[in-house]
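Everything below concerns the one structure shown next.
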Amino acid sequence: MGWLGPAELEALRLSLRVSFWATLVTLPFGIFVAYALARWRFPGRQLLNGLVHLPLILPPVVTGYLLLLTFGIQGPLGKLLAELGIVVAFRWTGAALAAGIMAFPLMVRAIRLSIEAVDPKLEQAGATLGASRLFVFATVTLPMILPGVIAGAILAFAKAMGEFGATITFVSNIPGQTQTLPSAVYAFLQVPGGENAATRLVVVSIIIAMGALLLSEYVGRRAAERVSGS
Amino acid sequence: ASEVLVFAAASLKNALDKIGSDFERRTGHEVTVSYAASSVLARQIQLGAPADVFISANVDWMDVLQDQDQIKANTRVDLLGNRLVLIGGPDQTGVGEIRADMDLSAALDGGHLAMALVDAVPAGIYGKAALQNLALWEEVQSQIAQTDNVRAALALVATGAAPLGIVYRSDAQVEERVQVLGTFPSDLHLPIIYPAAVTTWGRPEAQAFLTYLQSGPAREVFADQGFALPGS
Amino acid sequence: MSLSVRLQHELPDMQLDLSFDAPPGVTVLFGRSGSGKTTVVNAVAGLLRPAAGRVAVDGWELFDTEQGLWLPPHRRRLGYIFQEGRLFPHLTVRQNLSYGRWFAPKGARRENPDKVIEMLGIGHMLNRRPAGLSGGEKQRVAIGRALLASPRLILADEPLAALDDARKAEILPYFERLRDEVSVPILYVTHAAAEVARLATSVVALQDGKVVRHGPASDVLADPSVAPAGVRAVGAVLQVKVCEHHADGLTELDAGGARLFLPRIPHQIGEDLRIRIPAQEVILSNKRPEGLSALNMLEGVVDSIRAGEGPGAIVSVKTPAGPILARVTRRSVAALGLEPGCVCFAVIKTVALAPQDVGGRLNAS
Amino acid sequence: MSLSVRLQHELPDMQLDLSFDAPPGVTVLFGRSGSGKTTVVNAVAGLLRPAAGRVAVDGWELFDTEQGLWLPPHRRRLGYIFQEGRLFPHLTVRQNLSYGRWFAPKGARRENPDKVIEMLGIGHMLNRRPAGLSGGEKQRVAIGRALLASPRLILADEPLAALDDARKAEILPYFERLRDEVSVPILYVTHAAAEVARLATSVVALQDGKVVRHGPASDVLADPSVAPAGVRAVGAVLQVKVCEHHADGLTELDAGGARLFLPRIPHQIGEDLRIRIPAQEVILSNKRPEGLSALNMLEGVVDSIRAGEGPGAIVSVKTPAGPILARVTRRSVAALGLEPGCVCFAVIKTVALAPQDVGGRLNAS
Amino acid sequence: MGWLGPAELEALRLSLRVSFWATLVTLPFGIFVAYALARWRFPGRQLLNGLVHLPLILPPVVTGYLLLLTFGIQGPLGKLLAELGIVVAFRWTGAALAAGIMAFPLMVRAIRLSIEAVDPKLEQAGATLGASRLFVFATVTLPMILPGVIAGAILAFAKAMGEFGATITFVSNIPGQTQTLPSAVYAFLQVPGGENAATRLVVVSIIIAMGALLLSEYVGRRAAERVSGS
């Protein structure tokens, strides 16, 4: 990638890191929320469902602004996190938070659909054999939804790689800290003649996202074959 | 009566909405304005958008269109100007005119200076030039938080995420949670100019609208919104 | 009572309302398709929450709606063999088999996996996944999985229906062993008369969600009106002891002093067995028959004659070996002048005493 | 030949390599679990594409790898009753039943839906969905769905395994009718000897993907070494005519001049029937027996004696009714001094001739 | 909605129209592509898969720009469509095109996951009963994936309602023509004092999207119950 400048390489590295952690950290929550939505009936279920989908529906800028209000230095959750020693404002962690939240609905949907496709009769069979709910989940449900989880995770990763509006509004665009690939692309597109540089970066993101996608197809197919019996 | 389609930088929305309806009342011509980033609108015009008038937030994109003969060069005017201001939270103290001896780092106190993208968005480009000319750039460079537009930078200061920010005066004056700490001398950066022109395929009424924009009632509205008026 | 069940539940098409107390051993649930057998088993397993009821195994309560007690399925220590297999598709056969073992308490009795695997004939497919198995293969793995979970109660819903006769004959003794040696209570759903005859300690006959007959296997089997498979499954169950294995392939049994011959069985000399003599395999004669190929002849006294609706009658004959049931035509009853108190001879073909009618010790009844 | 099958295919654990030509009627595929029965049926249905082979029904080719001919499954006009039901979960029972009818060509023979529904006892569940049905109910609907598709070939993979005996007895005649009256060829997988005996025109015994024996049902059933259910299923098949229905519930049959009695059967006087006489139900005597409850006695001449490995022997007796097979112990053969040429009497209990052994006209063999 | 001005009401109406048509028109393609990806193996399958996902990965501005290049007045496809009498440039149809393309990956994923959950054995059963592939699809597969299709469609609708970046870049922000709700929100957010108006519009979009979501949950659950037997 000799044709990428150091700043661009830095943005690429940062985007990868941000997307990776955004995906990894949200994954357990994604699985939990998807499971709750798919299998439990509780008051507020529809509310939770709506909340999860909010970032999909809102213009990203609005999401970013809301993040700023709640997770910013003065925001209630921001203060709380700061007391725990976690600063997200203007850090790559904040970029990851924004990317994770924006990607969350996609992840949850993919996982939820695959949970709904698991026959509860198999989970019942696990229970009769002595496995507690948690164990049934870990040994029956989770392995069976693995293709969906992988698909959801990679989808979230791809989305995180492309996230721009919420990220720049929430944590700005500090080179080396929060300047992700899409922010760089955006900046290039603002000035006349920036198309070439923008194209280079877009090509890089496409390659990465397609690679992730291919990987997810492959891993997902392998997992599906394992499930349905090779 | 006919229609005029105006492509205008988004920061002009408040003023143009008002001026547009005044114009409609006076002439019966219907004015429709599409607000977006100047870069977006310029590209659309390059690719044949049916705009009659283009009002850009900077001269670069207008130059590009002029080079490509997409605007009628003889209709081009420098419609508006603006001033760059330093803003801060309500507990900050004002400094008036900003000078080279200002201790910006101390005022930041380790926090960030919110600006629009310093290499891409006009407000950021102007701000960077001003800081460079004041020799403050090196000192605060690493503390600059850039956003994709001025309003987002304003929001960073308004929500307390950043103690200070550099925005247009027209933006700063309505946000209650911030105060203008000082104004940058306008000779520190290229002049802030909002050029306007009729597109090559612009309808005849477009010129009438452009003329109206430069008339007294229109200038009053712009001034109300905090814009500077060239030649005054 | 080893298994005590009381259930009330509303189903779309019928009302389930039953209760029975079963002695230790195998309780066979019998009834027509749709009579509610699987529903009962599911309620015992905790997969269905009945409107009201109570189930206890060996005095240990699984649930009691009155007390508000409800053990979740995984705390019930069951081995449920489902009618449709329900193997875990993502696990190999080996992993399916060992699934339940993870959860068995330390001290629990454990089956020897190798032995179970061998008996089920699934050793060569341990590393395959269920999708690649035939219908019968799947069901065998499902049986193994349940057996290896060290259950305190086995629920078996038509476990052998998909298996061929030879395999059935191999697996049946295993259930017997569980019943006799390990004394795990078993709730067993089947349509097959041979399985009922061989395994059942007691039989619960269901119809439209109600118990229509319930009793020890030997009673129910002797009663043509409720015998699971109808009149053709009626038979007597005798208590016998193995005497001798003859060189010509026959085994000689002692039945209360009388001798019975049947094709060689694998049991030890001196062992106590139960043996079912289907009523329709018994021929009666009013004089000692001669020149017949049948080797078994028991002299006895006619005890009762029950004529059914059809052309047949069930004649009960008291013999030294115990009561023998014979199904003959009413025409023959008249021709032979049979009536209670008559002396007569019961003729039983040696080969009619099939190995599948010979089981382990008769525990109850 | 109504069904001609040639298949070669590699399976993970074995090599499928077989060919058979079956006469019109019911071809029973028999073999142990995992021997490849379902695989063969799937290849005939077009759900599995074998490496090489050819299948033709009544001369109409379904596929031929040499010619590169391959009809897709939906063009084969099949009624496939799957081992696992495979009902459409989103359709009601009624919609499941009528699914195949949409596609049947205009002129095709049509079963009467009401009749099929009544026979299967599913009339009260027509508006329900499969998820709410019991195991046996599901299978009955699956049978109905296949029958109502106006198929030119019926594939039945253990269709009755999940059903109770009473229901089996009701549905079996229906398959007979398809075989005899409508002459739809049927490829039928089963483990049950009674079904083989009653339905099979010819039997194909599979083992590890190969045909080990193939022939008319009466031949295969008379051969203890290949009889599907082992020696206990050996029996003779006689051609008889209904003579009279007696008031005491017995039906009298004419078997080549000899008289046979059995419990009342629903067939018309004068009708031709096939009747299977299981070898183990026959007792031999070297003099005319007297005072026995058994009503059926056929005098004949011993034709051959085949001693097997066990304690038993199969004695074939030529009688006016046709050859009768008797399974007796070798000890009895010696005791009675039986040898080819001897005159002897075959005693058959009336009640041993069960309705399930009585079928429609004997078409082939 | 007395508190929405006429321009805002217009934006709302337009957004609804754009999202409705974007969803309706893409749905058949979505089902087809999802089916092809789930069940067929063909060369170029991964390419198609990547192409479908592109709008998810690319920054929306880039997607919009690419649309402008291809479907604009001077773009190759734009010219072709214009000859057929379909003008998308700077029309609401173009906004629908942009929204449809942005929502397409979400729709395809949801439908594809539900297709993969359908047991091919049921489709085989349909085939043996005489139904051709198409018929099996219409009578077995489609009814069984209905919950997934509904979920996918509503998700796409919600996404279309929230789409901004690609739309404004492709068809600009012309009131009454291409100014959708999010574009209007954007415009309000760009000027001093526009927050209140923006908030009103955001609340309206949230209400609509949540309503759609609830509807999809309800319809999807009804459909799922039909499938699994009430």
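The letters A, B, C, D and E name the chains in turn, as written, and every chain counts its residues from 1.
We take it that contacts are C-beta pairs under 8 Å (C-beta built on N, C-alpha and C of every residue); 3 or more make two chains touch, one makes a residue touch a chain.
Just so we're on the same page, UniProt names per chain: A, E = Molybdenum transport system permease; C, D = Sulfate/thiosulfate import ATP-binding protein CysA.
Remember, it's a predicted structure, so these values are computed and weren't measured experimentally.
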| request: Count the smallest number of chain-to-chain hops linking subunit B with subunit D, moving only between touching chains. | output: 2
| query | Which chains, if any, touch subunit C and subunit E both? | reply | A, D
| query | Using mean CA coordinates as chain centres, what's the subunit B-subunit E distance in Å? | reply | 35
| Between subunit D and subunit E, what is the separation of their C-alpha centroids in Å? | 57
| For subunit C, residues that touch 2 or more chains besides their own | 84, 128, 132
| note | For subunit A, residue numbers touching 2 or more other chains are 61, 164-165, 186, 189
| said: Quick check: what residues of subunit B touch more than one other chain, meaning two or more? | reply: none
| Can you list every touching chain pair? | A-B, A-C, A-E, B-E, C-D, D-E
| message | With touch defined as at the start, can you tell me which subunit B residues reach subunit A in the complex? | response | 37, 39, 42, 60-61, 63-64, 112, 114, 117, 119-121, 144-148, 152, 155-156, 159-161
| How about subunit D: which of its residues touch subunit C in the complex? | 12-13, 31-34, 37-38, 83-84, 124-125, 128, 132-137, 140, 157-158, 161-167, 191, 193, 229-230, 232, 246, 248-250, 261, 263-264, 280-281, 283-287, 289-295, 310-312, 326-333, 335-336, 347, 349-352, 354
| query | Which of the residues in subunit E end up touching subunit A in this complex? | reply | 46, 49-50, 53-54, 56-62, 65, 106, 109-110, 113-114, 116-117, 147-148, 151, 155, 158-159, 161-162, 164-165, 182, 185-186, 189, 198, 202, 205-206, 209-210, 213-214, 217, 224
| query | Can you list the subunit A residues touching subunit C in their complex? | reply | 121-122, 124-133, 135-136, 139-140, 143-144, 226-230
| In the complex formed with subunit A, which residues of subunit C make contact? | 45-47, 72-74, 76-80, 82, 84, 86, 88-91, 99-100, 102-104, 128-132, 145-146, 149, 155
